[in-house]
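Given below, in the form of C-alpha cells, are the structures.
Shared between the two complexes below is subunit A, which has subunit B as its partner in the first and subunit C in the second.
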Partner chain A sequence: MDNLAVTQEVKPPNTKKGPVKWLIDNLFNTWYNTILTCFALVFLFFVFKGVFTWVFTQANWRVIPANIQILMTGPYPIEQIWQVWIVLCTLSVLLGLSAGIWHGLVFKLSIAIASIGLIFLLIPLEIVNFIASIGPTFLFTPLELINKKIETEPGTLELNLNFISLIFFKRRWLLGCLVLLVVTFFLGRDKHVLKRWVIGGWFLSFPWTMIMLHGFGENPVSTTDWGGLLLTLILATVGIVACFPLGVLLALGRRSQLPAIKWVSTTYIETIRGVPLITILFMGSLILPIFMPGDFQLDKVIRAMIGLTLFSAAYMAENVRGGLQAVPQGQVEAAQAVGLTYPKTMLFIVLPQALRSVIPAIVGQFIALFKDTSLVSIVGLLDLFGIARSILGNPKWQGNFVEIYLFVAAIYFVFCYAMSYFSQEIEADLGVGKY
Partner chain B sequence: MSENENITNNPIIVCEDVHKWFDDFHVLKGITTSFKKGEKAVICGPSGSGKSTFIRTINRLEEHQRGTIIVDGIELSNDLRNINLIRQEVGMVFQQFNLFPHLSNIKNITLGPMRVRKLSKRRAEEEALALLERMGIEDQAYKYPAEISGGQQQRVAIARALAMEPKIMLFDEPTSALDPEMISEVLDVMRELAHSGMTMLVVTHEMGFAREVADRVMFFDEGVVVEEASPADFFDNPQHDRTKLFISQTLQH
Partner chain C sequence: MQQDSTKIPFWRDIRFLKVFFQILFVIGIILLAGILYSNMINGLSRQGIKLDWTFLNSEAGFGISEGINYDPSDSYLKAFWVGVVNTIKVSIAGICCGTIIGFFFGIARLSSNWLIQKIAAVYVECFRNIPLLLQIFFWAALIRSLPKIENSIVISDNIVFNVQGIFFPSFAPGPGFTTWLWYLLGGVILAIIVVLGFAVFRHFGGDHELQQTDRPPFTSNIIFAAKWAAAPTFIIVAIAGWFLTSEPTFAVTRPVLQRFGYVGGMNLSPEFTSVLIGLSVYTSAFIAEVVRSGIQAVVKGQREAARAVGLKESQVLSLVVIPQAIPIIVPPLTSQFLNLIKNSSLSVAIGYPELFQVGETIINQTGQTIPIFGMIMMSYLIMSLTTSAFMNWYNRRITRYGLSR
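Then we have the complex of A and B:
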C-alpha cells in the first residue's frame, strides 16, 4: 500500500476563538440569550454594588485590628506571648531545613508560608483603621486631602508610617521567624545527612510545642488560656497527625482475618460514625471526669484532642479501607511470594497503592476535621470560632458580627484551601491516574 | 527427554494426598507426587482442573486442607515461620505478572532482597541489574512497569522471583496474558532458566515448550492427576482417553 506513505500530514482544525467571537457565540447567539445575558449583568451589577458599598462604607473593619491579638492567641497572657513565638521560630527552623533537604513540595509549602508571613510583616494592619476613618471614598480621595486629614486628626489615625520601627520593633518576632526560615533553608540545602535529625526534630516538635506553650517555672499558662487561631491549629494538627495512623490501623483491623480484631475495629468504627462529634466532645468534657479516679483530671484541651482524634479516625479508617479494597489481590500474592511478611507487605506494597488512590478522600477528611475544631467552642474552649463569639459578647463590638465572621471564615478558607491545593500537588507528584 | 543430567535423586517437593476445597467445591482430590531437585515439570489440563491451585498450595498462596506438603525438608503448616521460610525458597511467576505498579522495575526486583534477605541497597541493585541483563532488558531498569510491554513485564517478574535466589520456581500460566509476539521472548528466558538447572513447575498451555523442556508432563482433570509421563510418552503415546482428547484438542490449532 504505497498511498499510505504519500498521505499528507493533516493538521487539526483551528478551534481557537477570539474573546469577541466567544462572547457572540456563547452569550449573544440568540435573542433570548441576549436578554438573559443583560439580566444577568444587571443582577451582578447590583450584587457587586451592594457588596462594595457594604465593604467600603458600612462595615466597621476596626474590629479586626482591635482584636487581632485575641483572635490569634485568645486569652494567652500578652507578657508571655514570646513562648508562642519561640514555638513558631522552632517550626520555622524545621521547615527551613526540610525545604532545603527535600525541595519539592516542602519547598513550595515554605514559600507559601513565607509569603503569607511577609505580607503580614509588611502590611500594617493599622491601615484598616486609616481607611475606615477616611470613609467610603478613600480610593478617590486626592492625596492632599489625606495628608490634611493626617495633620488635622492625628489621634484617629494610627497608621504607623515608620516602617523601620514597625518591622524591627513591633514585629521583630515575625521578622525573626522569616529570617530563620530563609537562613535554615540555605544551611540545610542538600545536606542529606541531616535527614534523620530533621525527622526526629519534627517528632519532638509536638512535645516541645506543648511544653513551650505551657511554660515552666512560676507562671505556667493554663491550657484554658490557649485560644484563637493558636488553639484551632493545635487541635487540628494533633487531630490530623494522630487520626491518620489510627485510621490506617483500624482499616487494616477491619479487614483482618482474626475475628477478635475485626470485630473490635468494626464495632469501634460503626459506633463512632453513628454518633455526632458534638456528643463525643460533650462526653469528653462532662461525662469522662465523673469516671476519673479522685483528683485526677485530664486537661480540657487534651480531652478535646482525644475526642477529635477518635472521631476522625473512624472516618479515616473507612477512607483507607476504600483504598485497600482497590488494591488487587495479586499484589498481596506477589509480595507474599517474594517472602515479605504481612506487615512488610502492607507497608511497602499495599498501603502506598491504597493511600494514593484515596488522597482526595483523606484530605477531605482533614479539611472536615479542621473545620470541626470549631465545635470545641461549645464545650467551653476558646478556639478561633469561640473567640469570635466572645468578641461579639463585648458591647463595643456587638453589631459587628458580619465583619468578624467574614474574617474568621477567610482564615478557615486559607487553611482549607491550602490543604486542598497541596493534596492536588501531591497527587501530581505521585502521578496518580497515570496508570 | 532432555536436561535430566541435572536431576538428582532427592525429592525437593513431596506431596502426600493433598486435598483442597473452595467452600463445597472439591478442587484437589488427593494429589500424591514428588518433584526431584532440578526437575522440570509441566502441568497442563483444562481450566478448573485444579492445576493452578495445586502449584499455589506449594508456596501457601492457597492453604491445603488435608494431606502433607514438604518443601525442601520443611513441612507446610499453619506456622508462619515455616511459610515464610518456604516462600523465600520458592519463586513464583503469575499469569498477570503482578508487578508492583508504584515501584520502578529495579525496585520491584530489589524489594525482596533488601527487605527479606537484608542485602544492602548497592548489593541488591547490582544483583538486580545482572538479572535484568540476563533477561535482556537491562535498559528498562529505571522505567515503571506500566511503561514497558507485557513480555518485558513478565521478564521483570521472573527477575523479581529469581532475585530471592529460590531453589524452586513456580510458573502459573506465564504466557497466557501475552500477545502472541511476546510469548517467545518469555519462553526463551524460561528455557535458559531450565538449562541452568533450576527446579521448575510450569502450568502452561505451551505444548511445544513442554515437549522441549519438560522432564515430566502432568495432566490434571477435575482435581486429580489423570496421567503423568515423559513428554515423549505423553504426547505420542497417551494412555488415558481424557488425555488423548485433551492433546488432540490442544494440538489441533
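Then we have the complex of A and C:
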C-alpha cells in the first residue's frame, strides 16, 4: 500500500494544438525557415497586389462575354446551335442515370458538373460589363448612384438584372440540361435493371453526337464549322477512345512471341515516339492526300483525329506494356494450365491486372493528349486555342491577349486538373497498391 | 495406325499456325505498303512532282532570321542545317534552364516550410496543366508588348530589354588572348610535370617499412596528386598569366543604341526568348515532379540511419539521400529531355526558324513533301537517340560507380 503513495503524478507531454503551434511548427521552426517565410510573404504580397490591381482596374474583361459563344462552339451557325444543346441534354440524361445507378465516383463527377452549370446559369455574364463600367469600387458604390448611372447612360450599361428572363428564356437550354440531370438521377436511383441500357447508351452516344452535330436534311453543318471548346472536346474524346484499343493491341504485339508482329509493333512505337506530334499532324495535312487514291479526300477534322490517335496509341502502348510486365508470369501459366486460349488469357487474366496498375500513367497520357489537341490550331483547325488566336487577330481585341489567354488557360487547367483528380479517386476505388 | 489417328492435323498444329499467321501478317503489310506506294506515285504525278534528291543542292533563295552563317544563295541543304543547329541551340539552352528550375522547385516542394512548399506546388500544377503552345504564345505576346526601342528598359548600361528581344554584353577573344593561351599551355605542362614528380615521390619515397602489398597502387597516387597538386598549379599559372598579359584578353562588347536599334553584344531574339522561356518553364514543372518523387523514393530508414550515426542534416542529403535519388531520377529525367527536344518543334507557330519551320518553308517552295518529311523525322530520331544514349551512359556510370567519381 505504501508503494502506491510513492507513485508520482506524471504530467502528459505538452501537446498544444492550435494555430500558433501550427505556425511555429510549419513556418518558423528554424532560423532559415523564418527567413524563407519572410521572403515568401513579401514575394506573395507583391504578386497578389500586382494581380489584384491588374484584374480589377486594368484588365478589360469585356472581351470574354463578347466572344463567349465563339470560344465555346467556334463558327458553328447560331441558328443551329440547338443541335449542340440536344447533344448536351442527351449526355446529361446518361450522366444522371449513371450517377443514380452507380453512385460513387460518377455521382461526384455529376455533382461537380451540375454545380459548374448552376454557376453559369445564375450569374449573368453582363455583370462583367457592369463592373467594368463602374470600376473596382462597385461594391461600395451606393445603389442610388448605380441606378442614376443606368438611367443617364442606358447605352453603356446593359445589366439585365431580370433573372426570370435570363434563366427561363436566355438560358433555357442550360436550365433544361440541369433539370434533366437531376430528374434522371432520381429516376435511375438504384434501378440496376437499367445498367445494360445505360452502358449501351454511352456507346451509342458517340455516333449520336457526331450525327447530331453534323445535322441532317437541308443544311448540314460541315466539320469545318466545328470549333472552340466543342472541337477540342471532340478531338480529345475521339483520341482517348480510339487510342486505347490500338495501344493495347500494339503493346501485346510488342510482347508477342511471333517475331514478325513484334518487330512491326516495335518499329511503329519507336518511330512515332521519336518524332514530335506536329510532324504527324503536318503529315496528315500534307502527305496523307498524296497517299489517298484518286480524288478521294478526307476532311481536315478527320485527318487531325487520325493523327492524334496514331500518335497517342504509341505512347499508350508503352504505358500498357509497363503494366503487362508487372503481371507475374505465374498468372499466364495458371491461365494456360486451366486451358484458356490466348485471347481469353489476355482479356480476363492479364489485361485487367495490367491496366489497373498503370492507371496513373494512362491518365497522364490522356491529359497530355488533351493538351496536345491545341496543336491542331497550327494546321488550321479552330479549336479552343485556335479561336483564341483568331480573336486576337481582330484589331479590336488585339491588346487583350492576357485576358483571353488566361481564360483559355483556365479552361484547359480545369479539365486537366479534374482528370488527374479523378484518376487518383479511381485508383483509391480500385485499391491499387493495397493488395 | 494409332499414331496416325492422334497426329494433329496441320490446321490445328500450333507450330504451323505460328508461321502461317506471321506470313499472312507480313503479306498484309507488304500489300498495304504496295497500295500506298502506287497511290503515292499516282498522287505525285498528279501534282507534277518528281521524287529525287537533287533539289537539295539548288539555291534556297529565302532568308533565315537567325542562326549560323547563311545566305539566301546557299543550298536547301545548308538552310536545313541552319534549322537543325537552331533546334539544337534552343534544346540545349532549354534543357539547362529547365533542369535548374525544375530541381529548385522539386526540392522546394519537399521543404519543411509550408509556405515554400505550397508556392512550389502551385507553380508545378499551373504550368504542367496548361498546353505548352499556349504558354509559348503568351510569352511571345508579352515580349512583343515590351517597350519600343527608344523607351528600352536598360539595366546598368549592360542589359537591354525591348521589343527586339534581350541584349547582353558579349565576350570575344581580345588581342592578348593568344598570349594568355600560351600561359595556359605552360600551366598544363607544368601541372603534368608536378603530378608525375609528386606521384613518383609518393610511390617510391615515403614509408619504406610498409609491405609492398600495403602500398596504394600507382594510379591512386596519380589521382591524389592531380587533385591536390596539379589543379592548384594550373589555376595559379592561369591567374598569373591573366595579370601578366598586358593587352586585354577579352573584348567586351556592350549593346549600343544606333539608328535602327541596339547593335553589338549578344542578342536573344524575341522568338528565341519566348520559346526558351516556354520550354524551360513547362518542362521544369515536370522535372520538379520527377525530382520530388525521386527523393521521396529513397527509403525513410536511410535518412534515419544517417541521422543516427551522427551526420549533419546537410551531410544526410549530400552523402546519403541524393546519391541514392539520382539513379531513380535519371531515367524519367531523360524522357523529359526527349520531350523537350520534340516540343521545340512548337516554335514553328511563332516563327523561330528551327528545323521544322525551315523544313516547312522548303516544302512550300519545292513541293518535295516526302523527302523533307523523311529528313525532318530522321533528324528528330537522331537527336532523340543521341540524347538517350548519352543519358543511358550517364545512368550506367552513376549506378556503377556512384556520384563521387
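In this text, the second predicted complex is superposed on the first by the 391 of 435 C-alpha atoms of A that agree within 3 Å, B and C clash if a C-alpha of one lies under 4 Å from a C-alpha of the other, contacts with A are read in each partner's own complex, and residues count from 1 in each chain.
Here is the rule we use: contacts are C-beta pairs under 8 Å (C-beta built on N, C-alpha and C of every residue); 3 or more make two chains touch, one makes a residue touch a chain.
All of these numbers come straight from a predicted model, not from anything done at the bench.
Using the contact criterion defined above for the overlaid structures, shared-chain residue A:266 touches neither subunit B nor subunit C, since it reaches no partner. Of the two partner chains, neither subunit B nor subunit C is touched by A:237.
Annotation for subunit A, partner touching more residues between subunit B and subunit C: C.
Of the two partner chains, neither subunit B nor subunit C is touched by A:390. By the touch criterion stated above, A:60 is placed in contact with neither subunit B nor subunit C. Applying the stated contact rule after C-alpha superposition, one finds that A:339 touches subunit B and leaves subunit C untouched. When both complexes are aligned on chain A by C-alpha atoms, no subunit A residue touches subunit B in the first and subunit C in the second. The touching residues of subunit A, counted against subunit C in their complex, run 26-27, 29-30, 33, 36-37, 40-41, 43-44, 257-261, 264, 271, 274-279, 282-283, 286-287, 289-294, 367, 371-372, 374-375, 377-378, 385, 388-389, 392, 399, 401-402, 405, 408-409, 412-413, 416-417, 420.
Residue ranges on subunit B touching subunit A, taken from their complex, read 59-61, 80, 84, 87-88, 90-92, 94, 96, 98-102, 111-112, 115-116, 144-146, 157, 160-161, 164.
Those residues of subunit C that touch subunit A in the complex are listed here as 18, 21-23, 25-26, 29, 36, 39-40, 42-44, 47, 111-116, 119, 125-126, 129-134, 137-138, 141-142, 145, 342-343, 345-346, 348-349, 356, 360, 363, 369-370, 373, 376-377, 380-381, 384-385. On the subunit A side of its complex with subunit B, the touching residues are 328, 330-331, 333-341, 344, 348-349, 352-353, 356, 434-435.
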